[in-house]
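Below, chain A partners chain B and then partners chain C, in two separate complexes.
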Partner chain A sequence: MIDVIIIGAGIAGIDTACNLHDAGYDVLVLEKEKSMGGNVQHWSTLFPSKRNAHEVISYYTEQVRKRGITMYLNTFVNSIKKQDDGSFEIHTSREVSFKCKSVIIATGYSLFNAQRKEEYGYGIYSHVLTSADLEKHWQKQSAEFVSPTQKPLNKVAFIHCVGSRDEKSGNHYCSKVCCVTAVKQAITLKQQSPHTQVFCFYMDLRMYGPGFEEMYREAQEKWGIQFIRGRLSEVAEHIDGSLQLKAEDTLSARPFKISVDMLVLMVGMESQKSTAMFAESCNITCASNRFIQPLDHHLQPNATNVEGLFTAGACIGPLSVFDTLNHSKSATLAVTSYLK
Partner chain B sequence: MKQFGFATSKSRTIEYEKINSALISYIVENEPSFSSCMSCGSCTATCSAANLTFFNIRRLNMQIRLGEFENIRQEIDKCMLCGKCLLVCPRGINTRNVIMLIKKGLVTFNLVE
Partner chain C sequence: MKPIDSETKHTWNVYQKDIANDNFYYARSCIRQNFFPASEHMFLHILRNVLGKHVYDDPNHTTCTGIGYHSDIVPFETIQTVVARHFSLMTEAGLENIAISCVTSFGIYTEILDTWHHFPEQLEQTREFLYKATKREFNLPKTIAHTSDIIYKFRHEIAEKSTYSLVNIETGNPLQAVEHIGCHYAKMFPNKGIGGAEFPQVLSGMIQAWGGNVVDYPERRHCCGFGFRNYLVQANRGYSISNTQKKLESMKPYNPDFILTNCPGCAMFIDKWQYTISEMEGKTYDAHGYGIPVLTYEELAGLVLGINPWDLGLQIHQIQSDRLLQKIGIPYDSTMKYTDSKGNALPKPNVPTYILQ
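The block that comes next holds the complex of A and B.
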């Protein structure tokens, strides 16, 4: 019987697998996609240092290779069943099941589908992008960003909280990383295209991490990025192809209109669909945001209500890379003391 | 008393202890969602009355919290009860019901002349 099965080969899953392997346990990683790395594979640079995200992925790829950790790609986990003897049976899309002593769920998150916010025009206007689209673009080509309409970018707006903090999207929670991502992307855009005027429409700026507030200040002082406190209410296209935005500039208490050449939606994080499937097959308690509920946020952040079943990374809620890796390290300790 | 050629203006400071909270309490009691407003301004941005006049439903909410009732009666009548604000509110507040409650409350608590 395998000691630990890790579901998901994002950074959380890989990091835990490597650490458990080093502690002498027999691990198996199951990943639904054709490559490892999870969401971070698609990012260009990582806040706050703006290091290349690829460095992080290649570091972990090398760690997995070096240790000869067994990982099955293209393997979707359908369900987790707890057996009477306390062990687990994992069922997958490959029609093979695996037995193990304990499980780590490291299934992360999925991106909010911006088309659900119809009034923002994603999928309707080609120059409405998401933060993820922009990262993917920069990852493929570091050259200056060209608008899908091929027109010069005179004004660009970043919209915070798309699919987060929004009852209408069914997501009341904050996705934590999108404020600082907006600032990072706004600065990158300014670096490439200094003449573009850049605006961020925010409700609150959540600059909670190391270096975040400094980036915000750099955005204001060095790059002249304008922060407007108001939530976008709707977008319409002008005859000339520019996008008209409507919001309230709440600090001056007046409705605010602006035409921009490109709109970037800061999409939030949602719990993976598999999380709900696992919750059902194994009776795992989820929080009101649909992410997995840690047994005790302070004292047992990796344990769940099911004994022997642990979590690592953003499957417990939105986390940055830094916070994800801290959580995966504590997952290693939690599993080690369980298997002892 | 000797009259000078100017009058001292009323203090602009919000004196928390002096706030008249009758209306806000009445609204929150009957429409509890009202207390979750995070002042995002989506309601005002989408409101036709706000685009044409000084009417600003988000600011109205703030004024009620501060117990400032001058102008409210006059302002509130600019609302056409179209409900657009209700459709955009990210906190799911029934803003239209809030307006109805403001109208009722102003009369009930005798807050307008």
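The block that comes next holds the complex of A and C.
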């Protein structure tokens, strides 16, 4: 019987697998995608240092290789069943089931589908992108972003909280990283294209992490990025392909219109659908935001209501990369304590 | 400028609704018969004689009192009881599919049904009010559709029976159309409208099925300015006309051949305010000074089916459709424009200062 099965080979799953391996436990990692790295593998740079996200993935890939950790890719977990003896049986798309003493769910998050905010025109107007699209573009080519119509980008707007803190979308919670990601992306855009006017439409700016506030200040003072506390109501396209935004400046309580050449939607995080499947198959309690509910936020942040079943990373709610890695390290301690 | 459906179809497909195939109880509008005298008649003609459907046009049906409701004159309890009476008439006729001619009424019916769904005690209270007042009882409708939904549902059948298509006979290109959806069609209850509130397909689907091209324009979703209090209170009418002007300015660069609407207020105001703006500012919104014709969906369906434009009542509109008829290749007799059904001459309207006729 395997000591620990980790579901998900994102950074949380891999970090936990490495730490448990180093502690002497037999681990197996199951990943539904064809490669390891989770959401981070699609990101270009990480805030606040703007280090290349690929460095993090490469680091963990090397750690897995050095340790010889067993990992099954393209493996979808169908259900988790707790046995009478306290062990777990995991059924997968591989037509074989795995038995283990403990399970760590590290399924992370999925990005909000911006098409659900159809008034923002994603998937309809070619100049409306998401923050993830922009990261993918920069990941492939570091050159200046060129609009789909090859026109110069004179004005670009970033819209915060797309699918976050939004009852209409069914997501009442904050996704935590979108504010600072917008600041990072806005600065990157200005660095590449200094003539571009950049606007950020925010609800609140939640610069909670180390270096975040400094980036926000730099964005304003050094790069002239304009932050407007305002909510976007709708996007439409002009005959020349530019975008008309209708918004409300919530500080002055006035509606206004602005035309921009590109719009970037800062999409939030949602619980993975597969997480809901696990939760149902094993009676794991989820919170109202559909992420897994920790047994005790303060004292047992990795435990769930099912004894022996733990969490690591953003399957419990939106987390930044370093919050995720902290959570995965505490998962290692929790599982080690359980297996002793 | 790009066709609307190419990239948005996936979004529109999210919103679909059940529309009955036959056997409708017709709920007329109280203002459409004055603004567009042939439209409701044309709906009945198309459904009954072209498509072979059964529609009951009930002489006992009344106004829904929506204008009074939106003006804070008619209380919610009263309008619920009026709507309940309409359902009672429908039930009495042995029908369960209600077809509503007016967008305001459609919004009211959907609002009331939604209220009864969430607050069943309101439904019970309304049943009690109606019974005490009239001794009537009622069933809830099985399907509720705006009449534009029904024309949309049968748009391909209408296309198969059509005489003309929305193509410019001189250039061979599809006519460029803009559509305007009444706010109360889907903005309150997006799942009750075909295509939802942001990219409604109900009118664009008709235009495309009949050969035209729909152009998106920035103020496509903006209210026409009808807005009840905007026009009921004379001092507020500046709000109304400024909304329409915003839409007309926004669509002008696309040189639309016509505007299609599904709401009585929208069709009336977008048409009539063109005259007012031209008299105030000497400005018209087509390239040649004729204004942009505003049609109802029944009128457009009637045109493609080859019905005489004067029987459709197009001459009653402020902006005349002669140039549109020429583009489509529909023959018409100018001398019969202002005659009654027996050929007797009717008074001709005055000629505007700026809008060419």
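Just so we're on the same page, the second predicted complex is superposed on the first by the 340 of 340 C-alpha atoms of A that agree within 3 Å, B and C clash if a C-alpha of one lies under 4 Å from a C-alpha of the other, contacts with A are read in each partner's own complex, and residues count from 1 in each chain.
The definition used in the following text is that a contact is a pair of C-beta atoms (placed from the backbone, for glycine too) under 8 Å apart; a residue touches a chain by one contact, two chains touch by 3 or more.
This structure is a prediction, so every number in the text was calculated from the model and none was measured.
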Worksheet item: Looking at the overlay, does A:E234 come into contact with chain B only (first), chain C only (second), both, or neither?
Response: both
Worksheet item: When the two structures are overlaid on chain A, which partner does A:Q115 contact: first (chain B), second (chain C), both, or neither?
Response: second
Discussion item. Quick check for you: in the superposed arrangement, does A:M203 touch first (chain B), second (chain C), both or neither?
Written reply: first
Discussion item. Is A:A253 touching anything from chain B or chain C once the two structures are fitted on A? First, second, both or neither.
Written reply: first
Worksheet item: Can A:H195 be said to touch chain B (first), chain C (second), both, or neither?
Response: neither
Worksheet item: Which partner does A:I124 reach: the first (chain B), the second (chain C), both, or neither?
Response: second
Discussion item. For the overlaid complexes, name the partner, chain B or chain C, with more touching residues on chain A.
Written reply: B
Item to complete: Could you say whether A:Q244 touches chain B, chain C, both of them, or neither, answering first, second, both or neither?
Response: second
Item to complete: Name the contact category of A:D166: first (chain B only), second (chain C only), both, or neither.
Response: first
Worksheet item: Is there a shared patch on chain A that both chain B and chain C touch, and which residues make it up?
Response: 119, 234
Worksheet item: Can you name the residues of chain A that touch chain C in the complex?
Response: 115, 118-119, 123-124, 234, 236-239, 244
Response to the item:
The chain B residues in contact with chain A across the complex are 38-47, 50-51, 56, 58-59, 88-92
Item to complete: Note which residues of chain A are touching chain B in the complex, please.
Response: 119, 161, 165-168, 203-204, 229-234, 246-250, 253-256
Worksheet entry | Residue ranges of chain C in contact with chain A within the complex | 1, 7-8, 10-11, 196, 198-199, 216-221, 253-254
